[in-house]
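Shared between the two complexes below is subunit A, which pairs with subunit B and subunit C, respectively.
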Partner chain A sequence: MSGASANNTRWAYTLFSSLVIGFILLPLVFIVWMSFFSNKILSFPPQGYTLDWYTRAWELSDFRNGFFLSFRTSMIATLVALVLGLPASFALVRGRFAGRDLVNTLLMSPIVVPAIVGGSAIFVFFLEIEFLTGIQVAGSSLGLIMAHSLIALPWMIRLVTTSMISVNPSIEEAASSLGAGPLTIFFRITLPVIKPGVIAGSLFAFVNSFIDLEKSIFLVGPNSTTLQIALINYLEWNFDSTIGAVATVQISLITLLLLITDRYVKLSRAF
Partner chain B sequence: MSEVVLQEVAKHYGPAVVVQNMSLRIADGELISLLGPSGCGKTTTLRMIGGFVDATSGKITVGGRDVTGLPPNRRNMGFVFQNYALFPHMTIAQNVAFGLEMRKVNRADAEKKVQEALARVRLAQYADRLPKQLSGGQQQRVALARALVIEPDVLLLDEPLSNLDASLRQEMKIEIRQLQQSLGLTTIFVTHDQDEAMSTSDRMVLMYNGKVEQIGSPDELYNQPRSAFAARFLGVPNLLPGRIVQGSFEMEGGTALRLAGQKQLVGNCFLALRPEVIGISAEAVEGENNLSGTVEIMTYHGAAVEYQLRTDAGLTLTARAVAPGLGGPEVLPKGAKAWLHWPASAGVIVSEH
Partner chain C sequence: MTDTVAEPARGAAPKGVAIRLGIPMLSAPAMILVALGLLLPLALMLRNSLNIYDPAELMISAFTLENYVKFFTDSFYQGVLWRTIWISALSTAICLIFGAPVAYFLARYVGDFAKRMLLIFILVPLLIGNAVRTSAWMLILNDHGVLAAILGFFGYEGELGLMYSAPGVVIGLVSVLLPFMIITLNSVFEAIDRNLEDAGLSLGANHVTIMRRIVLPLALPGILSGSVLCFILSMNAYATPVLIGGPTFHMMAPTVYQQIAKVMNWPFGAALSFILMAVTLCLTIWVSALVQRKYRKWSE
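Presenting the complex of A and B:
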């Protein structure tokens, strides 16, 4: 009796887990699958299979340039987040200062505020700067990088602080008593210990910046669109498997990044 | 020479005074323990000596050198932490070598010293393991080796045994004492455990509320606590309230007890009696102090029997007697009437608080 009910529980559990995993994976599987359809207009069932959409995606300069702009912007934004985020995380975890919780909330706010709201706010802010100083920020790559740094920073700080909290502060004191100065302690002791968090933070920062649409849409200039905006623009007039091909490339790239990272640091240790 | 001298050292956090004008002289090669309940200021004092906490005022010197304003990395002190604080990403050998590397010791010498240091704590075969692969006791021995390999002027130990289980603690206690003596290293040992302090130290500093309560050898502190706090902290459960009247001790309620020596205290005080000085018998004993009472709890420990008795005046006292053994007299059961007795010289008068 109890054996049967335990069996039922297990069966229900397996079913439920499979459904959840299927729910997550199915759209991805479909996108990848559809990117190979030879149908002129995206539809079911497939009439045949082809790799043409991939060549077409590469030949369209909007996608190609979009990809490189996105990649470059996200790389720089991640670096900015790293340079600002590491000391900030350090201060947030180790520091005892008035308003620490406030600063923490403030640094997390770009995640909390809807991206479209944040994007329009940044846009208006950039316009104000231009109005006051004559320097054009909106539409420039500097403006785009600044906005993307805001996307990247909260992810970096969240993951780095999480891994820093688990560091025993005594190990830094031990290093100090053994003769190490503050810089040596940071690079030889603290940084290696929080490395999984830093790498995971960089990865999340990069990916979230790379896939951003809402903030960027206000800030890109003519002839310099990010990949996601290129996709939206394309979808306005076309409905074929090119977008599937672009999406597949993105999915592969991110998966590859995750796999490579996981080889060197166990990402599960960063949380 | 690495005599450590604290001159009027104090630590304030805003209005809170954690350590009050503490002065202490620790002789070269001495092992001194800072003992006290949590919040007494012992750890803060140690951390001020180590340089992790800035003293609000006062001066700390080591072998005549003023270290008060120096950061920890320029004090040449070995520090052992309660939670081991090994570098988790380095092997045992790398952990021990770190301090030598910071001192720019050349590789061959460093390697040799690391091996010697690990051999000294009997962990030579673990050199290539990571800290997490070692047990707590082994990790703490690595921490000890790491602190000793730099040949520090002073060794600072912050509750080094608190995370270990009882049998390991006993073993480590002996190991620390032996290493300290063979190296002749000035050592300051912070602990809240009076037994740890007594069995390792040359002298003990009992602290309370940021102040030194009493300093002395383990023998002095155990046999001559000055205050009720000291007596209680050093494991004397029996404190009889009363006062000194004409050279003898008058308990609350009026019973007079005989004293030997030291009768200077005036006003209310306590008579402290260690459990092993109280004898138990069916009859009052001529020439000693006697109180009659009833056995409330009897605990058999094998080698000893511990009785908790309630005197007729309503005081609860603990007495420990050597177990009679098979064929000897019966142990007293709960509810039995008995006399507690002790020689006049066994009681110690301690101040209130």
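Presenting the complex of A and C:
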């Protein structure tokens, strides 16, 4: 009797959860499906299937250049986050200093401050610099890279510190007592152990920078829009399967990166 | 021979000091980036919010609360704030109702591998970006979209009217907030000792009683933090209200963007930003205090 009711409960949960997960996933399934429709004006059901929308998306310079600009910007931002984030993570995990919690909070603050507010602040800041010095930062690739490095940095630090905590400090102390310098210790002992965290952190930082909309929207120039901005600009006047093609490429790329990330660090731990 | 033994010992002390002083300094480059890219601009924005807007000169330096007063006396902007608050509260409540059972399901009824895969599926929609996710919802919700086609198949011919409407925006927001809620609650449920539920079951309690009397009180702090997270994210939402809500559906974050980047009224845009953050903070503190008082009564 109680076994039967436990079974019913289980089925109820399974059914309910499938519906909710379906609700989350279904829009993506439909947009991928739609990218292959041959209908000139988007409608359901499809009249046939074609790959033309992918060619069209590639031929639109906004999407093509946007993809490359996004890719390049996110790569550089990830590198910056790596170079700045690795030592910072080391300081946060190994250091015993007053104000460490404050440093940690401040380094995480780019995630906490609302993206639109952070974007507004940096936009006005860049323009005020321009008024004072005449150097154009907003709309330049330098400004964009700086904003994106800021997006990437906290994710990098979060994933690297979690994996650094698992390194036993006595191994580092042993190396130190045998005469190894701090750099040798870092590259020969710490880095190999935290490698999964570094890889996952880099991929996650890249993804979060690549998909950013709310900060980039303030900082892109007229001839240099990132892919996300190109998408919403296009959406303002059009809604056809070109969107589906671009979305499908992005969904595939990011799903792939997330699957790789998950091999190194459980994805749910990043939040 | 004695020298080689003595040398590391002699060298160790200064090196140790250098490392101890050096380690905190390793966070300096990252701190400089955050200071230059976020903290300083925010401080500047707080200062700007006290300035006066001038269409010709952009900004006149001043020390006035005019921009804040303007917000709280103009019924349009109060309407924007109220809409943002109730849309966020509603979306959070829906996420809780639909997310909690999924989180419990993942924590109790699913094997390790399947759970890992399902969590990736739940996270993909979150991490493919607002632009792509929102356009996918536009495809579903618009009057000639997927939903209209499905309903049409069943004979419904009326207008759907979900685009540019509050229900459409809530649907869009729920779809991006649900993953956060599910992941937060999943780790909460996993931390609860399964034996407690089994004990309740063996004493004859049914599932609803176990959930209400055992799981819910234990999970309440986690439910609170998951809800706070969803509420904050929804208060700050930009892409969903802009793309699904359309140009006449005003919420706070799009209004901030409008004022800062389009109108170029930086003082007022700055004031809007700080009002948005302050209201969000106050509401979450207030709700947390309410829930914690209730929680204390419960556990007594």
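Observations on the model:
As a convention for this text, the second predicted complex is superposed on the first by the 251 of 271 C-alpha atoms of A that agree within 3 Å, B and C clash if a C-alpha of one lies under 4 Å from a C-alpha of the other, contacts with A are read in each partner's own complex, and residues count from 1 in each chain.
Going forward, contacts are C-beta pairs under 8 Å (C-beta built on N, C-alpha and C of every residue); 3 or more make two chains touch, one makes a residue touch a chain.
From a predicted model like this one, the values you see are computed outputs, not experimental measurements.
In the superposed model, A:Ser177 makes contact with both subunit B and subunit C.
Between subunit B and subunit C, C contacts the larger number of subunit A residues. Judged by the touch definition given at the top, the superposed model places A:Leu42 against subunit C, while subunit B stays out of reach. Of the two partner chains placed around the shared chain by superposition, neither subunit B nor subunit C is touched by A:Leu51. When the two complexes are overlaid on their common chain A, residue A:Ile135 makes contact with neither subunit B nor subunit C. Within the superposed three-chain model, A:Ile165 lies out of touch with both subunit B and subunit C [touch as defined at top]. Of the two partner chains, subunit B is the only one that A:Ile189 touches; subunit C does not reach it.
After overlaying the two complexes on the shared chain, residue contacts for A:Leu256 are found with neither subunit B nor subunit C. Touched by subunit B in one complex and by subunit C in the other are residues 176-179, 181 of subunit A. Within the complex formed with subunit A, the residues of subunit B that make contact are 50-52, 71-79, 81, 83, 85-89, 98-99, 102-103, 143, 146-147, 150, 156.
Subunit C makes touch with subunit A in their complex at residues 8, 11-12, 15, 19, 22-27, 29-31, 33-42, 44-45, 48, 98-99, 101-102, 104-106, 108-109, 116, 118-125, 127-133, 135-140, 142, 144-146, 149, 175, 178-180, 183-184, 186-187, 201, 206-207, 235-236, 238-239, 242-243, 253-254, 256-257, 260-261, 266, 269-270, 273, 276-277.
Chain contact summary for the complex, subunit A toward subunit C: residues 2, 5-6, 9-10, 13-14, 16-17, 20-21, 23-28, 30-31, 34, 42-45, 80, 83-85, 87-88, 90-92, 94-95, 97, 100, 103, 106-107, 109-110, 113-125, 128, 146-147, 149-150, 153, 157, 176-179, 181-182, 207-208, 210-214, 217-218, 228, 231-232, 235, 239, 243-244, 246-247, 250-251, 254-255, 258-259, 262, 266-268, 271. Here subunit A touches subunit B in the complex through residues 168, 170-171, 173-181, 184, 188-189, 192-193, going by the rule given at the top.
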